[in-house]
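Input: structures, listed below.
There are two complexes below, and they share chain A, which is joined by chain B in the first and by chain C in the second.
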Partner chain A sequence: MSNPSDIEGSIKSFILSEFLSGEDPGQLTNTTPLISNGILDSIATLRLVAFLEQTFGIEMAAHETDAEHLDTIECIARLVRSKNGSAKG
Partner chain B sequence: MSSPENLARSGAEKAALKARFAEWPGLAVIFAQVVLISFVLRNASIETLGFHRIVYLAAFGFVVNHLLPAKFRLNFFLLFSIVSMVVALGGSADSGTPEPALGIARFGVTFCIGVLLIGICHLPIRFWKRGVLLLCIGLVAAEFRSEQWDGRVLAVVWPVLAALFMFRIIVYLYDVSTSARCPTKAQSLAYFFLTPNFCALLFPVIDFRTFCQTYYNEDALVIYQRGARWMTRGVIQLLVYRLVHQLFALDASAISDGTDLIQFVVANVFLYLKVSGSFHLFIGMLLLFGFNLPETNHRFFLASSFTDYWRRVNIYWRAFIMKVFYYPTFFRLKNLGQVPALVIATLWCFVVTWALHIYQTWWIKGTVSWTWTDALFWATLGLLVLVNSLWELKRNRKRKLARGSYSPKEAVGVTLRTALTFSLITVLWSLWSTPNLKLWFHIWSLADLNTLAWGCATVACVMAATVLFEIMPVREGGRTEKSMSGLFARTAGLPRDALKCAVALSIILMATYLSARFRRDPSEFHNFPIANGLLQTLADEEAPGQGRGYYENLTSVDEGSGKFWEAMTTLKTSFAFNSINVVNDANVHELVPNAHLVKDGILLETNRWGMRDRDRDLAKPPATLRIAVLGSSHVMGYGLQAKDMFVPILESRLNSEHHSKGAFEILNFAVSGQGPVGQIWTLEHRVSAFHPDIVFFVAFTNDFEWATRDVVWDLHRNIALPSDFPSPLLARAGVTHRTLEPFAVQRLRSHDSEVLSYCYRQIVRECRSINALPVCIFLPVPHDLPLDRARVASLLQIGADAGFITIDLSDIYAGHDPNELMLRDIGRHSNARAHAIIANALYDRLTADPRIDLFDIAERISANFASESLVKKSPD
Partner chain C sequence: MSLHHLIGAPVRTRGSQPAVVEGSGAGRMDYATLGRLSDRLRDRLLSMNLGRGSRVGIYLRKSAESVASIFGILKAGSAYVPVDPTAPASRNAYIHGDCDAKAVIIERRFEAAYRDELAKLGREAPLMIVLESVGGGAHLAAALDGLDLLSEVPSAATVDSEADDLAYILYTSGSTGRPKGVMLSHRNAVSFVDWCTRVFEPRPDDVFSSHAPFHFDLSILDIYLSLSSGASLVLVPEEAGKEPLAVSKLITEHRITIWYSVPSVLRLLAQFGRISEHDYASLRMVFFAGEIFPIVHLRSFKAQVPKPRYFNLYGPTETNVCTYFEIPAVIPDNRVDPFPIGRTCENLASRVVDGDGRVVASGAEGELCIAGDNVMLGYWNLLEQTANAFLRETPAGQRWYKTGDIVLEETDGNHRYLGRRDRMVKKRGHRVELGEIETCLHRHASIREAAVVALLDEEAGMKIKAHLSIREGDRMSLILLKTFCSKHLPLYMIPDEFAFHDNLPRTSTGKIDLHRLNEIR
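On to the complex of A and B.
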C-alpha cells in the first residue's frame, strides 16, 4: 500500500502516466477538474477505480464514480482517506 | 446602543449592498438579452405560447431572484415554477386564454401525485420495495395516460406528469438511496416541478446531485450570462433546424436518385438541432436562476469516435445511463474481469437506452411505437461504441489538459477520424429515420456518383469545421468568462459575450421582421423560401411529410399529446379532422369512407363514397337537379357540425322553398387540403360517376399557391402530370423533380396564373364532357380579410376565360367582424355563423342569376322525367 501522506502524488503520477502522457505535469494541479475537462471519461474512470482499489486497498461503490468524488485529485484523495479512515476505525 | 459586533455587521451589510448595486449594469445587460430572446421567440413562433409566457415571466423573475437574499432564492424559484406551471397549464383551447381555475386544478393534481412519488423515495424501507411502490403508482398513472378514464380537463395532467417524473424519479431514487445527505424539501420540489419542463414534453434528464451541487457555485452574473448565451444558441439552432427542415429535409419514400439520397441522409442528421436547440433554451433558462448546469450537447457533429459521439450528444442522457445503469452493472460484474464486465455493461446500457426510448414515446404520445430500424440503430450504435471502448481500453486514448495543443500529425488524425465518424453516424441516423429496412436498403440502392460527390463535399465541410473549432487554439472559454466577470463587477463597458448575443439576437429579430413583411407583401418576395422557413409556425413544423425521425415524431402534435398542445397553444388541434384524410397514390386528398368519429363533441362522419355528406345513391334520383361541390376544408366544414355547413343548409332551403320545381341534391365532394390539381382528379374519378347537372367549383385566393404546390408535389413524388400539362412552363421556370420544394414553388410563382389557368380549363373541359354546367364560386375566408382585390379579380378572370360561370361572393362578410366568423382552431376556419352567411348569399345569387337559371334547369329535368315516364307507361 502507498504512503497515505502521498496519496495525491500517487494519483497524480497515475493520471499523468496513464492518461496524459506528454502533457506538462505542472499544468495538472490538485484542483484541476478531471471529469468536467474530459480527462476522466468512463473508460479512464474504470481504470482509475481499479488503480485506487489496488493501490490503496479500498473498495469503491458505483455511485462514487461521480464528479463529487472524482473530479479533482483533491476529491479523490479525500475519498481514499475517508475510506482508509473508516476501514481503520 | 451599537456594539462593535453590530457595527461590524452593519459595515459588512453596507459593503454587500454596495457590491449588489455594482452588479446592476451587468444585470441590466443580461435582462436586455432575455427580453430580446423573448421577442425573437414570439416573432419567429419558436416553441409554444405557454413557453413564451414562461420566458416573459422569467425575464423579470430572474432579476427578482437575484435581488433576494441567497437563503430565499431557492424558495423563490420554487414559487416561480409553481406560478409558471399554473399559468401554463391553465391554457384552454375552448376559451383561448389561460383560465386560473383550470391551471390550479391541473397543477393541484400534478402536485399531489408528484409529492406522493417523492415521498415514496424517502420511505424507510429497502430500495427495491420503494422501486416496486413507484412502479405500482406508475402503472395506475399509465392507465390514466392511456385514456382509460379520460377526462377533458385532466387529460393534460398525464403527459405533463410524465415529462416531470418519467426519468427524474429514477435519478432521484438512486441519489437519495446512495447519498448520506437528505435533500431539503425545497431542493426536491424545485427539482421536479421545474420551470420550464411543464411546457416541454421532451426535456433533458437533469441529474439531481448536479442540480443541487452546481447551484450558485460560481459568480452569479457569469452563470446568468452563460444562460443567456445558451438560450441565444438554442434560438439559432432552432432556426437552423427550421431552414434545414423547410429547404432540405425529404421523406424517405420520396427519394428517387442518388442526389435525393445524400440530401436525405445529411438533412436528417441536422434535424437533431431541434432537440439540441430546445435543450439549450430550457437549460439556459435554469442558469438564469443560478443552476449552473453543464452543457446538454457539445458539437456532436465534430465527434472523433463513437465513444466521443456518445459523450457529446445529449450529454445528460449519457450521464443518466452511466450513473444508474452502466457503473452499477460494471461494479457488480467486475469480479469477472474488466473486459467482460465492460462488454456486458456497455451492451446492457444500449438495451436500456432503446427500451427507455420506447418508454418515453409511450408516456409522451400515449402509444408504443417500435420498429426494426429502431432496434437495429441502437444495436449497431451499441456495438460500435463497445468496439471503440475496448480499443480505448487497450490502446489508451491520449487525453489533453488544454484544448488546441495538437501536433500536425495529431491534427490530421483527429480530422480524419471526425470525418469517418460523421460519415458513419449519418448513415446510421438514416436507418433510424427510415420506417422499415426494406425502404432503407432501397434508398441506398439508389446511391450513385452524385451521392459520392455531395457526400465528399459534406465531409469536407465537417473536416474544415473540425480544424476551425477543434484543432485551432481556442481563445474563448474560461478566460472570457473570467474577464467578463471582472467587467461586470466594475460595471465598465459591455462584456464581449453579451455583445455577441445581443448582436446575434438583433440580427435574428430583424430577419424575422423582414420575413414577416415578405410574407405579407404579395410581391416577388412572397414565397422567398428562407423567409418562409424562418417563420414556419408550430403547425407547419408538425405538418406530416418530409424528414420525420424519432424526435420529430416524438414532438409532433397528434391525438396522444393533443390536449397538452391545446393547453400550451390555446389552439384547437386538428388531428381529429386530419385523421380521416388520406393522400392516395395519385397524390390527391381523399376522405376515408364510412368514417364515424366524435372528437370534442363534433361528429365527423363520411358516407360510403368518402364524402362528408349524407348517404347518396350513385344513380341520380328521378326529377332531381344534382349539383356536385368541389372544394377544400372550408367547404368540407372543417371543425363544424355537419348541420352547420353551408352545403346542407343550401340544399335544405332549396328543397323546402322550391319543392314545386323539383328536387335538389347538393353533393359535397370537398376534402380538406385539396387543391385545384386534386380537384381535377376528384372530378374525373369520383364526381363524374354521379352525373351531376351542375358542378360548383369553390375557389379561394390560395388556389394560385395550391395549384403550383400540387404540381411540385407531383414532380417530387414522380407522379406523372397529365399529358396536356404545359410542361414547357416548368422548363421556363427552371423546375425539375430535383429542385428543392420551396425553390420550385418560388420559381413557379411567376407562372402560377398559367398553372391555375390550366387547372381551371381542365375542370371546365371535364364538366362539359359529363354535361354538367361549370360554375366557379369565389368564397372569401374570414382569416384573409381584407381581401387582395386584384388577386380576386385575376382569379375570377382566369375562371371566366376557362369557361366557368363565375359568382363572386367577395362582399358577403361586409359589416361583420372577421374574428367573429372564425373557429379558434389552428387553421382559422369559418365558423357556423360564416357558413350561414355563405348559404344565404349563395341562395340569393343562385336563385337570381339568369346565367345559371337554376329553376329552369330543374323544371326541364322534371319535365323530361315526366315525359320519359309517360313514354315508359305507354310504350306503344
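On to the complex of A and C.
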C-alpha cells in the first residue's frame, strides 16, 4: 500500500461512481451511514464486498458483510487495513 | 377450529424434540417448552383482561420468543399483530395504534422510540410486556417470571376459537400512503395449512427454514406447517437472511430440508452463496413466492441444486397461496418466459373477470378472483376498501376477492401472470404501493412534486425510480434523500434512482403524466 489514505479514497470513488452517480462528492463523508440509511441495498453491499476483495486482495467472511462492519467508509477502511496488516504481519 | 390447536399433538408426543432452532446459534426450544411458555403467556394475557378478539402486538426480532408469543396470544383468544423489527418505529407505532392493540410484547431496545412515536400519534401506550432481549426463549420466561413476582396469575384454559375469529393481522403497503391491515381468521389459516399438509406431506424429521419475517404471510407456511407436523423450524435472523454466505452456512449446518423464500434470495444464493463450497444435499423441497422468478436465475439455482422438488406458489396476503405450479425436473433450454403461477389450489375456486366483473372467455386475459376458506375477513377499519376488494354481484354466500393481478388461464388449467391492474409492485417479494413512497417524499420540505414509477430491469427484476421537482430549483443530495426515506419507510421501499425535473409532466386533465415518466430511462 503506497499511501494509507488511498484506501478511503478508492472506496469513496467506487461508491460514488457505482451507486451515487450525479451526487456531489462532498455529501459522502467517511462517516456517512451507508447501509443503515438505505444508500446501499443488499445487492450493492455484495458488489462492494466483491470490489474490496478484488482491489485489496482480502477475503471477507460471511458475518463481515453487514451494516456492523461496513456501514461507513471509515469502518470499511479499518476492516481492509486489519486484514492487510495480518496478511503482511 | 383453532390455529393454535395444530401444535397440540406434537407438544404432547414430541416434547423433547426441537421445535424452534435459533439460526443465530442462540439455542433452541423444544416442543414441551413451547407449550409451557405459550401457556404462561396465555395466562398473563388473560389476566390483563384483554378480552376475546383483542389485538396484541409483537415487536421482537425473530426468535423462539416471538414464536412462543404467537401461540400464547392465540391461546388467549386474541389476534397477533407482528411488525417488522427493522422498520422505523414510527411505522410500527402507527400499525399498533391503527388496530388498537391493547398489549404489546416488545424488546427493550425498541421500547423508547416506540413510546415516543405513539405519543406523537396521540395514542395511549398499550400494556407492554418487555423482554430484555431475545434468543432461545429464556427472555420471555424471564419477563414472565418478573411479572409473576409482582402478581401471580391463575392458570387458565386455552380459548377454543371459532372459525371466523381473528387470528392475526398482517399489514401491507397501502395505496393511500398508510399501511393497511389484512385480517385473517382461524379458518383462513387452518384451511391454508391443511392444504399445504395434503399437497406437500411434511414429516416430523423435516427441518424447515424460517426466512420470511413474521409480518410476511410466507411465515404462515413456515411456522404452522412445520410445527403442526412435529418438525423443526430454523429461524434465519433478519440480517443473516440478506447474506448469501450466512444462508448457505445455515442450510448446511442445520440440514434444512424445506426452504421457502422470495425468488430474489435464491438468486443471491445462486450468484454469491458459493453453493459448491457448501452442502445443500439435505434440501428436498424449495418453494418460492412473492414475485416473478426470472428464468435465467431459476435455471442457475436449479443447476446448482438439482435434487429438490421446486414449487412456484402464488397468492396475495388476502388469500395466502391460491395457485401453485411445480417446476418440471428439466427446464427446457429454449424457455425464456417465467413459469406460470399454476392451477388453483384444490380448496379454493377461481375465476378470471373483465372490468365489469364478468367471467371472460376461456383463455382470455382478465383479473384473477378467488373464493374459498382462505379469503380474508377484510381490511382493518377500512370498510370502503374492503368492499372494493370483492366482486359486486356474486352468487349468495360466495365472496370473490379481486387479486388485482391480470392473468390468463391456459387450456391445461394453469394460469399465466401478465401484470398488475394498479400501482403496486413487488420488491424482493415485498408489496410496495408506489403511492406510499410518494406520500413519504411529499413529507420532505424541499420536495414540491413527487411521482414514483417502476421500471423493469433484466438484472434486478424491478427498479423503483422517483421523479422529483425541488422547491429551490437545485438538486438535492441523493444521500440526504435516501437517508430521509430510511426514517419513514422500510429499506426495500427506498427508491433505487432519483431524477430531478423543474416541473413534472402533466396530462391534459392536469394529473401527473405517469405514462411519460415511465418512458424516461
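Annotations for the structure displayed:
The rule we apply is simple: the second predicted complex is superposed on the first by the 84 of 89 C-alpha atoms of A that agree within 3 Å, B and C clash if a C-alpha of one lies under 4 Å from a C-alpha of the other, contacts with A are read in each partner's own complex, and residues count from 1 in each chain.
One rule holds for everything that comes next: contacts are C-beta pairs under 8 Å (C-beta built on N, C-alpha and C of every residue); 3 or more make two chains touch, one makes a residue touch a chain.
Keep in mind it's a predicted model, so treat the numbers as computed, not measured.
Touch criterion met: A:66 reaches chain B and chain C at once. Of the two partner chains placed by superposition, chain B and chain C are both touched by A:46. Touch criterion met: A:33 reaches chain C, while chain B stays clear of it.
One of chain B and chain C touches more residues of chain A, and that partner is B.
Contact with chain B, but none with chain C, is seen for A:18 once the two complexes are overlaid on the shared chain. Comparing the two interfaces of chain A, the one with chain B and the one with chain C have residues 20, 22-24, 27-28, 32, 36-39, 41-43, 46, 61-63, 65-67 in common. Those residues of chain C lying in contact with chain A across their complex are 239, 242-246, 248-249, 268, 272, 428, 460, 475, 477-480, 482-483, 485-486, 491-492, 494, 496. Every residue of chain A that touches chain C in the complex is listed here, in rising order: 20, 22-24, 27-28, 32-33, 36-39, 41-43, 45-46, 61-63, 65-67. In the complex of the two chains, the chain B residues touching chain A come out as 174, 178-179, 209-210, 213, 294, 307, 311, 322-323, 326-328, 330-332, 338, 342, 389, 392-393, 396-402. Taken in their complex, chain A has these residues touching chain B: 18-24, 27-28, 32, 36-39, 41-44, 46-47, 50, 60-63, 65-68.
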